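One structure coming up, written as structure tokens, with questions to follow.
The chains carry the letters A, B and C, assigned in the order they are written, with residues numbered from 1 in each.
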Amino acid sequence: MEHKASPLNKKFWTPGVLVMLVFMIAGAIAIIARFTGGIGYVTNLSNARPWGLWVGVDVATGVALAAGGFTTAALAHIFGRHYYEPVTRPALLTAALGYTFVVIGLLIDIGRSWAIWKPMFYWNTNSVLFEVAVCVAIYLNVLYFEFLPIVAEQFKGRVNLPGIMAVFNPLIEMILKIGDAILDKTMWIFIILGVVLSCMHQSSLGSLMLVAPTKLHPLWYTPILPLLFLTSAFAVGYPMVVFETTIITSSLKLDSEMNILAPLTRITIFLLGIYMFLKFGDMFVRGTYIYLLDGTYQTNSFIIEMLLGIMVPWIMLLFEKVRNSRKGVFTAASLIIGGVVINRINVFIVGYKSPLSDNGYFPAPGEIFVTLGLIATLMFIYRIIVTYLPVLQAPKEVSP
Amino acid sequence: MQFSRRNFFKFMGVAGASVAALPSSARAWKSKAPPDSYGCLVDLTRCVGCRKCEEACSEVNKLPAPERADCQCTIFDRKRRPDDKAYTVVNRYFTGKLDQFDNPLPTYAKVQCMHCQDPSCVSACLAGALTKDETGAVKYDVSRCIGCRYCMVACPFEIPAYEYHNPITPKVMKCTFCYDRISEQGGLPGCATICPTEALTFGKRKTILKVAQKRLKENPGKYIDYVYGEKEVGGTSWLYISSVPFEKVNLPALPNKPLPKLSETIQHSLFSYLWSPLALFGVLGAVMYKSNKVQEEPQNKGGA
Amino acid sequence: MKIKMVRKIIFLAGLVILATALCMAEVWKAPDQEKAREKAKKIVPFIKEYKDDCKINRKICLMDAGISIKDVKDVYFLLDSPIIKKREDHYEPVRFAHKRHAALIQDCSMCHHYRPKDENALETTRCSACHQDSFNPDHPERIGIKAAYHQQCVKCHTAEAKGPVDCKGCHLQKVPDHKDLVKLPDNADPFQVTAECLRCHDTQGEDMLKTAHWLWKGPSPYTTGHRKDIMHGKGTTALNNY
């Protein structure tokens, strides 16, 4: 383990951060409106359209894009490719934050937020959503445990709370020390558990729609929907790492880490290839290609998903020139991520249609504000954490 | 990170034992329909559109009085759906039928929860807030509900409605089949009690299915020879017979297979006794152990 | 002339006496209405089995038996039964002119569509002998008495395009006893009375304010003291006490 992560030593209040702040405030106002006027007050949801932007993007897409956490952990820790360890920490942070915000998004979307603990006591093992909920709940804690050593690394031996809080210093110090020692011995359990739980709920998120065959467009409704969700999560994991690493390294002017990202994209060719194969195979086996030219917005959205989100980036990555260029890799990764985002939106929003009384759905401004606000808050907290905790690889030599 | 060999084998042993204890094949999916449940037959040829069922329903279930309860004309201009203020509504459809004076003949159709034999909503609800009762009623227990609205996504008839304007304690609202009334001896649902023309026939599902089939047989040409709800999504407690095609009165064409079958089969074949997660855990553990051993050895030699 | 005058006086006096007599006899009841009410109250033994006959056959049978309008004993009765009231009680019973319907239709088999299987039974029997409570599990196909009435009446009225088919065309709505509903102090003033009415009937009150009864304006040639007013009425100067 040659790499060394360290806190950032950069100015915090940049214009980007201020823009985030604006979105956060807008989101906060929308959230206040939701908890005073009700879901119906801020959203365009109806009895025919019970799930909208919040489930489609905040939850489903959030879970998919947090796949970077378990895929890199599997690669670096389980399959022993320690070469990739520098990207595991940022990916882990993205996953931990991503899942935290998935849960916050859920809390806003469900009608009785205060009752979210109930499924832990009232089980319905027939329910796909029950499995998803349990897995997400456990996995969120697993992620926190996986992240704890990073906190310990920074503060162990240095806990120094201000003022009256100082009495707790020794206690927290002790907790950190013991926790770190225990976690060091047991971390392998959490790492494997994290991968297992991810495989379970990433796939089950696709099974959610299997109960409603008459409501999901046949282009997406397939018995292998859980498998497609799982393989797409595998496929989007590394592109997500590429995407965020590139953005962070360029916006914070750090080293580009291309030496790690380029080989990651080679694995992606394989993973995305599997997903693409399944997706096309499913389309031909079920004969759903007959819909492709009917010109509805659903079909068009499917074509965009397949073409721009899967085929184009896959072909791009086949070229070594693309794989070795920072811009090329970034573009391909962005397309793959875009493809998975569109896929989740398609499954939960675009492809969903209640046959009896649906009048179409477009998210209300309130819904959009909440979603944007949550994303901005996520980025903001990410920014705080990389500023104060050793997440990103220490710059070898900061270029002025 | 330290990778303790002893811990690993301990854990793997437990995991392996639980996997081995599994039955080799997952059990086949079985319908959970109650054996002797109640049902209700809606005969659309008998409905006169008086909307008394709406009135009785809101009275029995303590809902606000139906919108313009006495109106039997303009209220039908708009197609209504059951919502959080009405468990049942009657709609009027002109399907092209004419009476002897060439006036278009209306067909009235009541909509409410169908109380499926194997309900999607019951399978979907993660906390078991929805249950299928012995009476056949699909019951909703608000004390378990978290408001995820997955039941609404799952329902093929688009029945559960939501109190979208209640910010903290919204409920899912849908027809209860008046289960506290029908579970009493001789009890009837509110709507069936009041229906003046007996367009609603209440009884044991088996009995009313026979009644429906008899009615179709004894009146050839009057009805479409089909009992809607006998087989749809594995059967529903509410059955419809009609003289006009069912799609024309907004009763959707649905597969005969119970909708929860696919997802429940997948869930149970993968996750019964958690065999697949445990197996995956074992495999990944083995891979991790092996790959780390391979890499540790040269390090140890180096005297690290 | 004189005789005519005397006749007129006698006639008027007779009228006055009759009217007084009517007023004096506080609870005079129409005998046929009472009879109908008694008849409707009775629950007759349920006829389990009926002779399954086709419609034309049935008509011929009735003609063969020589049954005609002359045989109609109950000229008038009420379509009502305690069996209905057991379930719900929203409307007053329908008053049914039996003989009139028989005379108009001239076909008894329209309503007397089947007969009991028992050969000794009468050819025609009352509706509520076969049709009783709804959803009888022993006879699931047999409709109840309420449905039998409604299906028969509505079907025929629609087909013949004669007679009412809406609820209130046949029924009076059951008005709840206002004795228990109205809560007024003794010696209530008109404003209190009006307010008490409006407590429940506020929509009717609102509607009233939009009618000519309330808004009417115009000349009032027959109103004492206002003969010359050209704009008099509830909409302007006349007293509105509610």
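The definition used in the following text is that contacts are C-beta pairs under 8 Å (C-beta built on N, C-alpha and C of every residue); 3 or more make two chains touch, one makes a residue touch a chain.
Fair warning: this is a prediction, and the values are worked out from it, not measured in the lab.
Core chain by CA centroid proximity to the global CA centroid: B.
Using mean Cα coordinates as chain centres, the one most removed from subunit A is C. A straight line joining the Cα centres of subunit A and subunit B is 32 Å long.
Averaged C-alpha coordinates put the centre of subunit B at 44 Å from the centre of subunit C. Each chain gets one centre point, the mean of its Cα atoms, and the points for subunit A and subunit C are 71 Å apart.
Here subunit A touches subunit B in the complex through residues 34-41, 43, 45-48, 50-51, 74, 77-80, 82, 106, 109-116, 118-119, 122-131, 133, 184-189, 191-193, 195-197, 199-200, 204, 207-215, 223, 226, 352, 354-357, going by the rule given at the top.
Taken in their complex, subunit C has these residues touching subunit B: 87-88, 90, 134-135, 137, 140-141, 143-144, 146-147, 150-151, 154, 158-159, 161, 165-167. Per the touch definition, subunit B reaches subunit C in the complex via residues 46, 48, 50, 52, 56, 72, 99-101, 188, 192-198, 201-204, 207-208, 210-211, 214-215.
Residue ranges on subunit B touching subunit A, taken from their complex, read 1-4, 7-8, 11, 79, 81, 83-84, 120, 122-129, 144-150, 152-154, 156-158, 160-170, 250, 252, 254-255, 259-260, 262-264, 266-268, 271, 277, 280-281, 284-285, 287-288, 291-292, 294-295.
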